[in-house]
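Have a look at this one.
Note that the chains take the letters A, B, C and D in the order they are written out, and that residue 1 is the start of every chain.
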Amino acid sequence: MIILFGIFLLTLLVITALAIVRSESLFAAVILTGIFSLLMAANFFLLDAADVALTEAAIGAGISTVLFLGALALTGEHERGSSKNRMAALGVVTITTLIVIYATFDKPRLGDPDAPVQQHVGAWYLENTPKLIDIPNAVTAVLGSFRGYDTLGEVFVVFTAGIGVLFLLSARSAGRTEEIDPANVPNRGLRHYLVPRVVGRMLIPFIFLFGLYVQFHGDYGPGGGFQAGAIVAAAVILYALLEGEAEALRVLPLSVLKWLVAGGALLYGAVGVTGMLLGGNFLDYSVLASDPIVGQHIGIILIELGVGITVTGVLLCVFHAFAARGKV
Amino acid sequence: MELLGLVYYWAFAILLMIGFYAVIAKSNLIKKLIGLSIFQAAVFLLYITMGKVDGGTAPILQDGVSLYSTPLPQVLILTAIVVGISTTALGLGIVVRIKEEYGSIEEDEIQERDRQ
Amino acid sequence: MYYAVTIATLITMALALVRALLGPTIYDRLLAANMFGTKTVLLLSVVAFLYGRPDFLDLALVYALINFIGVIAVLEFIRLREDSNDARQGADE
Amino acid sequence: MALAIDILSWVLLSLGGVFVFIGGLGALRMPNLYTRIHAASLTDTMAAVLIIGGIMLQAGLTLATIKLAAILLFLLLTSPTASNALASAAILSGVQPDEGPIERGRTSR
């Protein structure tokens, strides 16, 4: 039965994707992208990936819509039709689809317990998480400890992307001469929508609180730094939407955000180096406390905190970079 | 039943190619980026689909449950989603700069201006 | 009976998707997206119980909190656009 | 007692399912934007109360019930607010309530 639900959702997903590509209004496409993300998260959830669904929920529902809209406000919302080689592209795509579908016949079916992915390292992780780390959420254990290097790499990619956006969008364009002072920009936020403002302001503390819960409960349930970072960033973005961007910058200035971006990544690295100084390997948390399991717990909480801080900082920096340029 | 288990992979293939089509056939740069994120989502779907196991549950260990889906693909995708949004933001930043320099985000118009 | 509710929710999601595809105004699409969000929250809560893992309600909670932001962002975008249109016509501030 | 709770929650859940479906139908079939908002938001709120209430009865007094209560609270706060904001934005941008969508709000097709 569940598999039928999944297939139904997948059908909707494909229809949505087709509509996104066909739609001529980019604005409509972005709204449809929101629906696409909701469907995707529901699918992840049906496929037992609670953590991934939580991430998709935190990112896809709010932040990615906001970023795309921020870019649309700066570039215009209608496309002028496809390029000339549309037929050729269609041909290539059809043939490739058929090849990929043909290839799937050799894949193990959905949920096959003998599939290679269930056999090797995955089974080892599940078996050893209780023994070596002793937290219920195996995803957090793998993310934070077993594959800590990977996550460090990802955090640095996020960090680099954030720095890249700041570089790109803080450069002054040739056509624009006067520097915009954020203080006297007439961006009033949603001032004339009273009801959303009141309700939104009421929600913000709860979103923050929930972000903290996701951050620190990540060892025991779905959650962790990536999700929490996105949720906290979403709370601040909501504040910026309701009260105007200048107000949000007054609460959390760009200089603080830059420190957050760097500080989170540094915290992550520092945990690794501390492990080295205490005589272990880089990112080996067992030496952080006398009991290796407690050490693992401390290490995971610290690096998740680092991840959360960096993700919050990067997402907010990106948001402000787009918003500051968007004074049309 | 065998074929039913493959439908997820077909959906992956179709989504992948819808995204790919948007990237190669659309001339609007933002549309290309949206296509890229559909492409990305398709890959995420593939990974998560592979991790699922019959009768298993999410890899958050509980007493009395012995069968869990594999955590590894989920870890990879979890981080990839956040990395994906950051790189998309970077792409959007580049598009915004292109718009400011060239006055257009249509591929052919940009190339036209480059030739001048 | 969880199944019945799940099926009803899924069908409604399909209906909302049709509305989102048909439009005709951007507000219709937005309405559909908002409906979709609520339906997803319900779906996730029901499925969490269907799976017997009530601790996954966190997910539904995230959606209940965050889905709002998308709608607000789109409205803000529309307002900015209208403002700039008005400014271009020389009628506003 | 357990049976009574089961029956009650069953009734709530199936009523909720019916309301969800009616809401979807209304959002699809109603003639213009405002009637659609009406159909979607009213039945949405009702369906959320019914369905989550039904699940709460099943869950009993656990952490899950508290989470469900929180979900319900936030849904009841955000969903009508979003509808309200949507309607006011639509009317500010000139979509008339008594006729079809006019040209300015139309963005595609």
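Here is the rule we use: a contact is a pair of C-beta atoms (placed from the backbone, for glycine too) under 8 Å apart; a residue touches a chain by one contact, two chains touch by 3 or more.
Since this is a predicted model, take the numbers as computed values, not measurements.
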Does A-C or B-C have more contacting C-beta pairs? A-C
Longest centre-to-centre distance from subunit B, chain (CA-based): D
Based only on mean CA positions, could you tell me how far subunit B sits from subunit D in angstrom? 30
Whole-Å distance, subunit B centre to subunit C centre, using C-alpha means? 21
I'd like the Å distance between the centres of subunit A and subunit D, where a centre is the mean of that chain's Cα atoms. 28
Multi-chain contacts in subunit A: which residues touch at least two other chains? 25, 27-28, 50, 63, 72, 190, 193, 196, 200, 203, 206, 221-222
Using the touch definition from the top, which residues of subunit C touch two or more other chains? 13-14, 23, 26, 30, 32, 53, 55-56, 58, 61, 65, 67-68, 72, 75, 79
Which positions in subunit B are in touch with at least two other chains? 57-58, 60, 62
According to the definition of touch, which chains form touching pairs? A-B, A-C, A-D, B-C, C-D
Give every residue of subunit D touching subunit A within the complex, in rising order. 74, 77-78, 81-82, 84-85, 88-89, 92, 107-109
Sort out for me which residues of subunit D touch subunit C in the complex. 10, 13-14, 16-18, 20-21, 23-25, 27-28, 33, 36-37, 40, 44, 47-48, 51-52, 54-55, 58-59, 62-64, 67-68, 70-71, 74-75, 78-79, 81-83, 85-86, 89-90, 92-93, 95, 101, 105-109
Contacts from subunit C onto subunit D in the complex sit at residues 1-2, 4-5, 7-9, 11-16, 18-19, 23-28, 30-32, 34-35, 38-39, 41-42, 45-46, 49, 54-55, 57-58, 60-61, 64-65, 67-68, 71-72, 75, 78-79, 82
Name, in rising order, each residue of subunit A that touches subunit B in their complex. 3, 6-7, 10-11, 13-14, 17-18, 20-21, 26, 29-30, 33, 36-37, 40, 43-44, 47-52, 55-56, 59, 63-64, 67-68, 70-72, 74-76, 79-83, 85-86, 89-90, 92-94, 96-97, 100-101, 104-105, 107, 109-113, 115, 117-118, 121-123, 125-126, 129-130, 136-139, 141-143, 147, 150-151, 154, 157-158, 161-162, 164-165, 168-169, 171, 173-176, 220-222, 224, 226, 229-230, 311, 314-315, 318, 321-322, 325
Touch list for subunit B against partner subunit C, complex: 57-58, 60, 62
